[in-house]
Amino acid sequence: MSDPRPSGRAADELREVRLERHFTRHAEGSVLACFGETRVLCTASVETRVPGFLRGKGEGWVTAEYGMLPRATHTRSDREAARGKQGGRTLEIQRLIGRSLRACIDRKALGERTITLDCDVLQADGGTRTAAITGAYVALVDAVNGLLKRREITRDPIHGAIAAISVGMWRGTPVLDLDYAEDVACDTDMNVVMNDGGGFIEVQGTAEGHAFRRNELDALLGLAEKGIAELVAAQRAALADA
Amino acid sequence: MSDPRPSGRAADELREVRLERHFTRHAEGSVLACFGETRVLCTASVETRVPGFLRGKGEGWVTAEYGMLPRATHTRSDREAARGKQGGRTLEIQRLIGRSLRACIDRKALGERTITLDCDVLQADGGTRTAAITGAYVALVDAVNGLLKRREITRDPIHGAIAAISVGMWRGTPVLDLDYAEDVACDTDMNVVMNDGGGFIEVQGTAEGHAFRRNELDALLGLAEKGIAELVAAQRAALADA
Amino acid sequence: MSDPRPSGRAADELREVRLERHFTRHAEGSVLACFGETRVLCTASVETRVPGFLRGKGEGWVTAEYGMLPRATHTRSDREAARGKQGGRTLEIQRLIGRSLRACIDRKALGERTITLDCDVLQADGGTRTAAITGAYVALVDAVNGLLKRREITRDPIHGAIAAISVGMWRGTPVLDLDYAEDVACDTDMNVVMNDGGGFIEVQGTAEGHAFRRNELDALLGLAEKGIAELVAAQRAALADA
Amino acid sequence: MSDPRPSGRAADELREVRLERHFTRHAEGSVLACFGETRVLCTASVETRVPGFLRGKGEGWVTAEYGMLPRATHTRSDREAARGKQGGRTLEIQRLIGRSLRACIDRKALGERTITLDCDVLQADGGTRTAAITGAYVALVDAVNGLLKRREITRDPIHGAIAAISVGMWRGTPVLDLDYAEDVACDTDMNVVMNDGGGFIEVQGTAEGHAFRRNELDALLGLAEKGIAELVAAQRAALADA
Amino acid sequence: MSDPRPSGRAADELREVRLERHFTRHAEGSVLACFGETRVLCTASVETRVPGFLRGKGEGWVTAEYGMLPRATHTRSDREAARGKQGGRTLEIQRLIGRSLRACIDRKALGERTITLDCDVLQADGGTRTAAITGAYVALVDAVNGLLKRREITRDPIHGAIAAISVGMWRGTPVLDLDYAEDVACDTDMNVVMNDGGGFIEVQGTAEGHAFRRNELDALLGLAEKGIAELVAAQRAALADA
Amino acid sequence: MSDPRPSGRAADELREVRLERHFTRHAEGSVLACFGETRVLCTASVETRVPGFLRGKGEGWVTAEYGMLPRATHTRSDREAARGKQGGRTLEIQRLIGRSLRACIDRKALGERTITLDCDVLQADGGTRTAAITGAYVALVDAVNGLLKRREITRDPIHGAIAAISVGMWRGTPVLDLDYAEDVACDTDMNVVMNDGGGFIEVQGTAEGHAFRRNELDALLGLAEKGIAELVAAQRAALADA
């Protein structure tokens, strides 16, 4: 009935998801998150210091930084380090990743530590921020499990899982997990971050072309719920490997 | 039944809204937007040039910049010009304002012109971005009407009105138009941008404390729809004055 | 005999001066200073910290920052926060404001506190730096009176009043308080800062066109003395209101 | 006789070298260069523009940028994009990579095109700059072969191969291809860039501890010549794959 | 009667003034200006381009840049290039130098050329800006004479000479040409820029301690007039050498 | 047989070397280093603080900063302070100077002090970095001798002398101490830093045109050894003056 998606996927079908742990060796957690051709390297780094506003309060912090290699994209984009500043899009995404992951952390249980989640896009094909959040969660768990194993902390500070997915209106049809071809052409683009209990952490919807109606919004949220459930399962499967 | 709001307002009650046109004299549009004690000066500046990526295409551009005077807030914050860069929050807000207002503009009809919407917060008490969007729309209309009156353009490029409001969960109750006292204490904070046809332009919801459920999200969206209708009426009334 | 001024004012006539206290609510002092169509919002913020070079000396500090909203002027100017630095003119003016106000402060009596005077131009029509100094003085007094009232300090650190005015040669005639139309066309432009005892704090004269003679300088200084006396009276009147 | 190397390698033994082509899909050339545990992603991007100083001269340009992911190293280092500038080490390395690769290019034959070699370190274990140069050469060849295949250029602008290796004095013995454990502890560290004809492009030797003697320098250069020959063979083998 | 000056000079006595032309060889004008122990290298560079706002108008431009070597002063100050920006004092001084020298230039006669006056302080002992202006004038004349000699311009664009001197109140006495020891201890500090016709170009007086009276200001201006006359004579003498 | 050098010097002939001590008066060491027409002002500044990574370790630090006056060169180059950052070449050179001079310092014997070597090029004619290193060594000795004389340290932290020279291939002939005319036209350019014991501190060779052969490299190193011996003698002679 409706136009087929460029990828041939069903409207409610995720791309192939891969969460490859231990991708690099130095970080306390290191996950290559692949949503189809999108590949984001997510590392979790533990440091025994906290930002100034938390010093001496016995609490930890989780924060994120996001970057894109210059040629992760179809045409080369400027290196932000060379331009001398991070763009608005970068800051917006890294703030989103940080807020999302803090939603599953008991900062008291973490103690005076900072965990930094570096999400660097090696290859982009749409959905880099959702792959980043979904992969960063796994890296965070690995880093925290290391702390528990080395008995640096005694209580698991992580409650629940966090995953993220995009949804959008593609030629009148609500579809799940937009790739680049869909992203540039869709009418509405929404990123949804949820926990494994079905609670919403972030909802960010933008009308790219015409405004979206309440019933479209409802349909998109339903799709997102389905996608998140599958991503949480993929996270569990990845973490189940020794 | 539920906890009263700090301001004593009903759950679905806006603060007093004032949209004072011609607040300053040089800009093509100049509106002081007041949502209660929040005051944002919104000016619209018309320039006959467009950014590089649009040059020679016969289209115009609408963009926004956002700033906060250092002592608009309870405690003084650093001046961004002195620190040498705009923070992530500022960039995020000005990107939101720009996207929102572009949603009501036919860029072909505008011709090769840029309209810059400067939204500067003189006094902050929560909801500065929603006041900014709501006021910037009125400034934009004034600027465009000037172009029409001087016959620089022949067709009105504005289709529909744009307004924005915040909603949130205050001690278990969905409430409309959060002020600062509610903003710092609420569990969920959502900014909603809509047009006067009931279409959604942006939905940005964040769980501050615990995650929010689908039914809470639905209730918040309903409140937002009510608030937006009142704001659109206030815009019309302001623009009806000679 | 001489050319009439664009505004029709007499050569030794100030524009209408208004010093509106409590213009915004969060700052310890907040004054909208209007010299005709020039409007500068001057806030005084008290903080219990001092710059590094004063730490532990039991002395306070008074400093100033100056900004201009992008569309305070006839044509929009770049936002300094977006450009990533304050221009030379801005730095020069805020250094002048800070030096001028420090001239009436006993820093020992202030204790280890910093008072920052933020002077933000909402609308410009010439003389923004003189309006800023004149208004900042009133904001400073309000902030200091608050400290005295709350008994945070016991001795008034302010000795004397500070005000500032511009003078210039307009088509061969010395005139007082240049507005924008005069400023762009005059031959000599001088800003004079004085105290209420008739002492000079700053004299900054610049030949815009041809060099000025000693007798012209003398005439300009005389005009400035007259203008300052009127401004000091306006400050007193404003501060006399409860 | 001499102290064994931490890795157990012979003094003149390279680490395992892998040059994995087509590692990412968007770039005209994309090579993951692995020298043991050091992994550098080298992409070559072709653009039909040249820097200002070459405009209109019918010549092309080859340049390089270098970056290190924050957690490529044992402890997390600051993200240069977040700090707002590239450090001296980064600039030094990317200048070296650019100069080295320009040494094998006939810029006239390239035409008015810029090829940018982005070398991003995913994992660091010593020798990132030599892996970067060695891998960037392969990416450059792939990019140029694409231009030839698409007949955008008619003559191959590449003359000869370029490779790089480090050598150093490890506890009195000259050794080839320092890994991190050797790098931090060695007395002399030298990076050598050569072409496949045995010519030297760059020699950069630094005495880390005591100064090195002429005969040590000679021994190091001999080792480098051996290592380069092996790297050039590895490049050829990698490029021989379809 | 009055306190002797630290240097033993009479109240109206300049330090030894030296204006050493051709101090460096590449610049079109190069003068080492020495006021006692203060030494400023002033170079004039001619370029056949003008800033954007003058392009195509057939007029030239004269501008200045000011710098201080890190160890020109008693204690080392930060290098502005390393800190990443020029301080407010630097910008203020270079704007003053530029304005002052433009006062003696007929920009039409200069044609579309920019002359940049670089004033770099090699050694500081008070009065660096006045030495800079006085020396830059001589460098400017040398550069312009070169243009005339090579017949690149046909009419001398320089009308009159420009020189600058500081005056101040030293323990109640007006003194000429403050050195560092006087500068840090004086009550009023005034920089005066004049032309050789006795006209004032800039007057910048600052009360360092107590405010200054009108009669003090008059006495200081009189001293400045005397000093400027001697400096103009020194400039003439320097320029008279072949 | 071979082409004469532009300067008429023999292939192994240095330019006239002058090391003028006490060139400025405030610094603890101040040397004007002249290699022919190249003039670099090298100052050594002693401060009783160390960088963060050395605090509390009882060790000192030696570091360098390099700058070039805008008109030290044939055509004016941008002022780095005005552009807002130091270029790659500047950073590379100042890192080289710092590393080179640290090679002759016993940091324990220096105690918790930083000596900063500021090398500012007043006039450039090739070889600025080698003149800087050679002159900075003399300034460093003067500064350290001051510390010894004032008994702030008891043991001389300097072991051996450090000097630097450039060598290159000029039309097929190895030549010593390239001036600007040779530098822009030579095929290979090598900077060599050595100590007075004949040990190498740094060797940095770059093929500008075609790659250089091992025997050319050997010849260049031999020339450098000869030049360094003469420079060390010049340093000794300069330091022998009272």
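So that you can tell them apart, the chains are marked A, B, C, D, E and F in the order they are listed, and the count of residues begins at 1 in each.
Everything below uses one rule, namely that a contact is a pair of C-beta atoms (placed from the backbone, for glycine too) under 8 Å apart; a residue touches a chain by one contact, two chains touch by 3 or more.
Going by UniProt, the chains are A, B, C, D, E, F = Ribonuclease PH.
In this text, all values refer to a predicted model and were calculated from it rather than measured experimentally.
A.B. asks: Since chain A and chain B are copies that touch, just let me know if over half of their interface numbering is common to both, same, or not, different.
C.D. replies: same
A.B. asks: Mind checking the rotation angle between the two copies, chain B and chain C? C-alpha superposition, nearest 5 degrees is fine.
C.D. replies: Rotating chain B by 180 degrees superposes it on chain C.
A.B. asks: In terms of residue-numbered contact pairs, which of A-B, E-F or C-E coincides with A-D for over half of them?
C.D. replies: The chain pair with the recurring interface is E-F.
A.B. asks: Could you tell me the distance, in whole angstrom, between the mean C-alpha positions of chain D and chain E?
C.D. replies: Result: the chain centres lie 51 Å from each other.
A.B. asks: Taking each chain's centre as the mean position of its Cα atoms, how many Å separate chain D from chain F?
C.D. replies: About 28 Å, centre to centre.
A.B. asks: What are the residues of chain C that contact at least two other chains?
C.D. replies: Residues 84-85 of chain C touch two or more partner chains.
A.B. asks: Following the ring of touching chains from chain A through chain D, in what sequence do all chains appear?
C.D. replies: A, D, F, E, C, B
A.B. asks: Would you pull the chain B residues touching chain A in the complex into a rising list?
C.D. replies: Residues in contact with chain A: 85, 87-89, 91-92, 94-95, 99, 103, 190, 194-195, 197-207, 210-214, 217, 221, 225.
A.B. asks: Okay, in this complex, where on chain C does chain B touch?
C.D. replies: Interface residues on chain C, with respect to chain B: 24-27, 30, 37, 39, 41, 43, 45, 47, 65, 67, 69-74, 76, 79-82, 84-86, 90, 116, 118, 120, 122-124.
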